[in-house]
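So that we are looking at the same thing, I have put the structure below in structure tokens.
Chains here go by letter, A, B, C, D and E, matching the order in which they are written, and residues are numbered from 1 within each.
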């Protein structure tokens, strides 16, 4: 017989049960909290058209929008540059839109300049502030006001400069467009005032002097598509690539042959090859016979001074190799010689000279003049180098930061520190914004109107035009409208009366202009573009739209305008008008060849404060994924750094294995690189085939004031280079960290 | 029936018996004129070319090589119905490839078929440069030898010359623009040339093409002046041809005035490139001006678009003039179709062609043949029969035969039929 | 039933890493921090490795993702069948069944399966950019390249709605879609007329670690003539 | 009975030293529990693991513990079958090690799982081709068998204790003694059951470690994919097991003053056994590494080199010293095969065997076939804490066992003469 | 000792029951929608999108306007109790305005785990499945849902897939 339950027992059992239930409830809550409800964007799927602004290529984009939120970027299949393809940077720009460290609204500096303390202010007040400063600066006289921007080609960029100039500012731009930098030397040789364009796709042999073909050359997506076809085109011979580069770049890695030559010696090598071509009479006679110009003088200067022996002695490249390079180049059916944009002038001269000698001008797989470039409005801005010792009172800066895009900049920091008022028009707290007194946040590319002239890559005249894909996520403004409203407040004569300018207005105006041109049509699929070209070639043109409004809509839906008709022959034309090529006569080869740096271990805190290690020559480079990027604060970009050789998220330094062995450095070690002005750390990567007295250091933008990812990287290789002494090789001491 | 924009091949069997209404046996051997309506917009088929997946196998001149032949490279010299025959002949091979590529075989309405055929016709005639593009260097020589250099400059410094500087059109220049300019300014040019003591040049062979190529070379043009025109509408061109009183001198297949040559009988000359047509017009403009003056016809000028329409009309004149012989068609029908089809008797595996609706014009017949080709091929394979090929001219004969046996009253309106 | 395969032409591949980003965004693969990355915690379904490839001296950059073996070493060892070879040849991972023992990650000779070392996090508004077609993997389980299987499902649904068969272009993974050098080709290996089958028989074709008998369905075309 | 008072006494009284040890070990266990909760909340990211080193300390511990578990059941069963009478005082100690240590082996697998909450998926959705599933099966069979094998010989002793205790202990013992009266029929059955279990347990035990080795051997990873891993692991397991018994014996002998039962002869005999295993182990190790080196297969060689001269060389050579040189030198010489000598050798072997497991698990993973980015594996505080927790919990439970049950079998001690007589 | 163990066991069992067995808490819906009264319209008339997208829509109040000229009483009560809509200048908004701009806070009761790829379109349009086969017979429901009417698990999906001959490939549904 069971014992009766006592009250005490009953209470304790109930208590236990209650405790259990309480614990159970707590457990349920804990479980619920550990598995958070996943909230995805929901709603209907729409593909919005936009334009990528990560580099001057201005590829067409399409953004996959779910319920109005962009979740993925893809290349627009209609865009002739990428044809649906998109590079890593382009895709990563989606992260810029969501960047958690974006500026949320206008802000004013509080505390010390550069201390990074800001106070949000409303737009009208912000505009009052900047207007007052500009008024003062204008009354103080020129150059009171300076506006800095990075070269973006297109009507809005021109309108930006116009607006600033209307209120008395001097405007400066950094050219980052690859072709633009080649332009002066190309013009010197051929007389064509246009951007040279290399037809990589149809070339059979490419000799590249440091051109980052598969990295950031011209338009990266186009260049990579072209490279793919160059290599394995449909029913074509495999193209051969020879890369002359100090380091094993991604292009060098893809090359059939890579020769490690320092940048300052590359011109010697190019002239050496030219001398081989001339000496062995392997030049293409067609163009030269007709438009030889000063070929005779050139021949007289080059053949005796750049013999393979002499070039070999200076560069360390064996004589047989130089001879072979020349003969391979001449023997290929469609060779072309290409060059990096940041090459020195004598190398650029040498490269175009070689192209003239091998008859690459105006021929498939050779050099053309970009169709869009001849006719475009000249950039009236001054180059950033012209800033000199200017001490403006007010500086206005546009996004992307001119700091980042400059490899050898004048001391921008000094300029900004000297200014009384610095205003930054950028969506991000970038390098220059850190110096600013006032932040006027602008839209990110997905939120903006676009009207850009893509970098000259596709042999067609193109405009990438698009309306905003999304509504502004934060309290930001259109850059042009901002300048316009500032100008309006100042009371600039042209700005006061006119309808206020904005990127939208400029873009629509451009579409109207294109409509009136009555040629070309909206970006379209390959077939339709080909068809359009065929029609134009035959002298016909079928209007793409019934009316102007219809045309505008079609352009905006397609993301741009293209006139695919392209007829080569400008170079020949120019040569005929100018009567011949004008070869730059190279200076004589230095009598004393540049000596190799002796790799000597340095012990202890030696002279100049150099640490322990060995003296090496510094070569800096920007990894493809970060170069030219608008906003470095994208986590995925840092994950791509260094791969495949080094670890992600850090800069790396490349060394010859023997040099490394002497210093006790192995692949993956952290090393310290010290120059006269700075020290950085990087991860060592050993590269077979490099010059043994060189260390190549990746320059990764480290942005101390900027977003959470951009600031974690340490070691901007550019800081190693003394700004005061840009000439001559920079020597650094390398040692294990 | 609704009328869609685009080309209409409203079709008519005009069934004009060429011979007298004599004995029926005699009439059987006579050919009849199969009149096909002129297209309104010959390039409308370009969109269909992509929509119907043609573009996945064929390119239209250039582009990456594809499975099928590049239609832009085929110089086809036959009538529109020969083209249709070729279309028919390639059906089995094409279907096999389509199966490999998992492309749904397209079906065509007769309107679509007409558009596609008009495109291919137009393509041959004036999109591709017949015989290859002109040579700029040869053109330069033409420019000099014909005396153009005396008045025009293509380089920068031309302020002292009487003619307009052509530099602004550099890179963007079209043969039709040239034709228009030369036509409209002919009289002024003639007087200027007289003043300079130059003789009126004549252009022969490829000279005009070379000249266009020379003027087109380079990309320096900054002109916002219109140099391109819409591909001409042959139908509008036909109207213009009479409005501008060309018909007063020129006859088309016997209809029209005397004085100039009958353009309907000179197909070879009229299917050259636009540039060569421009050359023809230029060459005869002197004589024509004189003739105009004699007849008291005021000077005729063309806007660019009108010029395009006129030339388009001239191209398509022969498109609409196809002759077929019903008698031969009957034999072809017996040889190649009668295994399955009958006319009127109602027997056979396939439908009785006497009773199939809407088979009232050549293009509709071609379209119907095309659309049934998949099924037919299957039947043929079952029976182990070969694919009946249509040789040159046979398509026209067969069509003529079928139309003659259809219950079509000959007195249909010639332009009213439409889709 | 199709047998999906991928051909990567190394002669065309430039190592630009566009595929890596496309994959990351498409498949909601979370970002890492520097510390995590150096500690082998970087999650990537596809990444570039310096690999010795046939016919070439020195390492080339090779995009490495799940090779979707026809005889996968990873599926055999899974104690719960959380990873298995689907009938269409995709080596799949069933996330809710995975217990996180990481046996498959160790058995895989390509080291392409990755483990969620911690809960995935997207900073700030970045959570909004996640693809709703792909689930979020919680901490403690293994994940891997799926050939963007969700795209197949959506493409199939779309084709079915339009009353047609799946066309070759309907379904391509995100990496193939974006590859700027057009180095990647995706499709049915069993389709004798398909582009993939043709390329797979190219004399330049090789598979990674063929000697292990894993029979990968990712086929590389070596560099060089 | 009073003659075995030395055995019974520690059960019934606990001194302050016991409490101090229990408290200290308990504190470590509590800390380990905290570490585990930390790991559960934050994910396995709190360990030092990463791609491609997906397994580390936990799996090393797992293999090590499963190895040590061969201490008892296998040894006692073998000795029982061959009627090695000197085994009597040590069988129980060995068997307890087996049972307890198995739990920690399994526990380490749970620590290693990314989703321990889904561990039951292994049973709900089993995939029979997975060696891990074989492992689950064989370990659970082994755990069951060795628990029974531990429990059966305990029954008479529990009955003895039942008579000597009161209160909850008495109630517990009454239940556990399952009505043992010492009747001859019961004795006969018990003996039968024990001998059946003894035979049964041997293949199970061999299978367990073979299957554990197959977890590695079945993969195609360099230096895992080895045919001799089965016997190699079993030998290593017995090796480490014997070493573990000797260590436990020395401690118990000292702490509980059981010098009368655990006489030098035991240490000598076990020492000789350890020596045999030591040589066998060395033979297998040599064979394994020689073939790898001779084969010169590049991926295998990378792992091999990393162990010989690379970053894992210190661990590898320490292992060779600890597993072979030290024990062999001590044990081969009868004069050093003393209690202290065998203890030193055993501790050395245990450390060495742990290192062996480590150098099997980690270097192979550190050198994957694919050329991916690798890193240096350094276990985190969480892993060390959990490892310490395992050892502490093991010690704690072992101590607890000695406070509940006689650690030396009483009846077997007296049974040398008494029991067979009774059974007869 | 034994008693302590027993008490602990009681506590543990109650906790387990609480965690595992009890269904999730019922939720309050803003409008007590009566499905039974609306049997004349099809499900997709209000749950738009089920036949053409992955998700079945939750109806906006505006959907009521398709049939109702004036607010049904419960809707009016709920909407007028809600916060005043901005921009109506203090005036009482018309029913029309209210219906178009109000967003009743419906609480989702039928949830799929994140790892399931379920497309309504595929099941409703392609497979011609009746809504009731997964959602139960809603035509009989007189009140708003407070919890999922049918608890679906993978076995339910699989058994139907088996009988219908649909794919049983894991990744066809697991994403």
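By our rule, a residue touches a chain if its C-beta (ideal position, glycine included) is under 8 Å from a C-beta of that chain, and two chains touch if they have at least 3 such contacts.
Source: prediction; values computed, not measured.
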Applying the document's contact definition, name the chain pair with more C-beta pairs in contact, C-D or A-B.
C-D
Of all chains shown, smallest offset between own Cα centre and global Cα centre goes to C
Most widely separated chain from chain D, with each centre as the mean of CA atoms
B
Cα centroid separation between chain A and chain E, in whole Å?
51
Nearest whole angstrom, what separates the Cα centre of chain C from the Cα centre of chain E?
36
I'd like the Å distance between the centres of chain A and chain D, where a centre is the mean of that chain's Cα atoms.
62
Chain-centre distance (mean CA atoms) for chain D and chain E, in whole Å, is 55
Specify, in ascending order, the residues of chain B that touch 2 or more different other chains.
none
Give me the residue numbers in chain C that touch at least two other chains, ranges are fine.
38, 42, 47, 49-50, 59, 135-136, 138
If you look at chain E, which of its residues touch at least two other chains?
114
What residues of chain E sit close enough to touch chain A in their complex?
7-8, 10-19, 53, 55, 114
Residue numbers of chain D touching chain C in their complex, please.
42-45, 48-55, 109, 112-116, 118-119, 121-122, 124-127, 129-133, 136, 215, 218-221, 365, 368-375
Mind pulling up the chain B residues that touch chain A in the complex?
43, 46, 49-50, 55, 59-65, 72, 126-129, 136, 155-156, 170-177, 212, 216-222, 224, 226-231, 274, 308
Where on chain E is chain C touching in the complex?
113-117, 119, 121-122, 125-126, 169-172, 174-175
Can you check the complex and tell me which residues of chain A touch chain B?
234-235, 369, 371, 374-375, 516-519, 525-528, 530-531, 534-543, 565-570, 572-573, 576-577
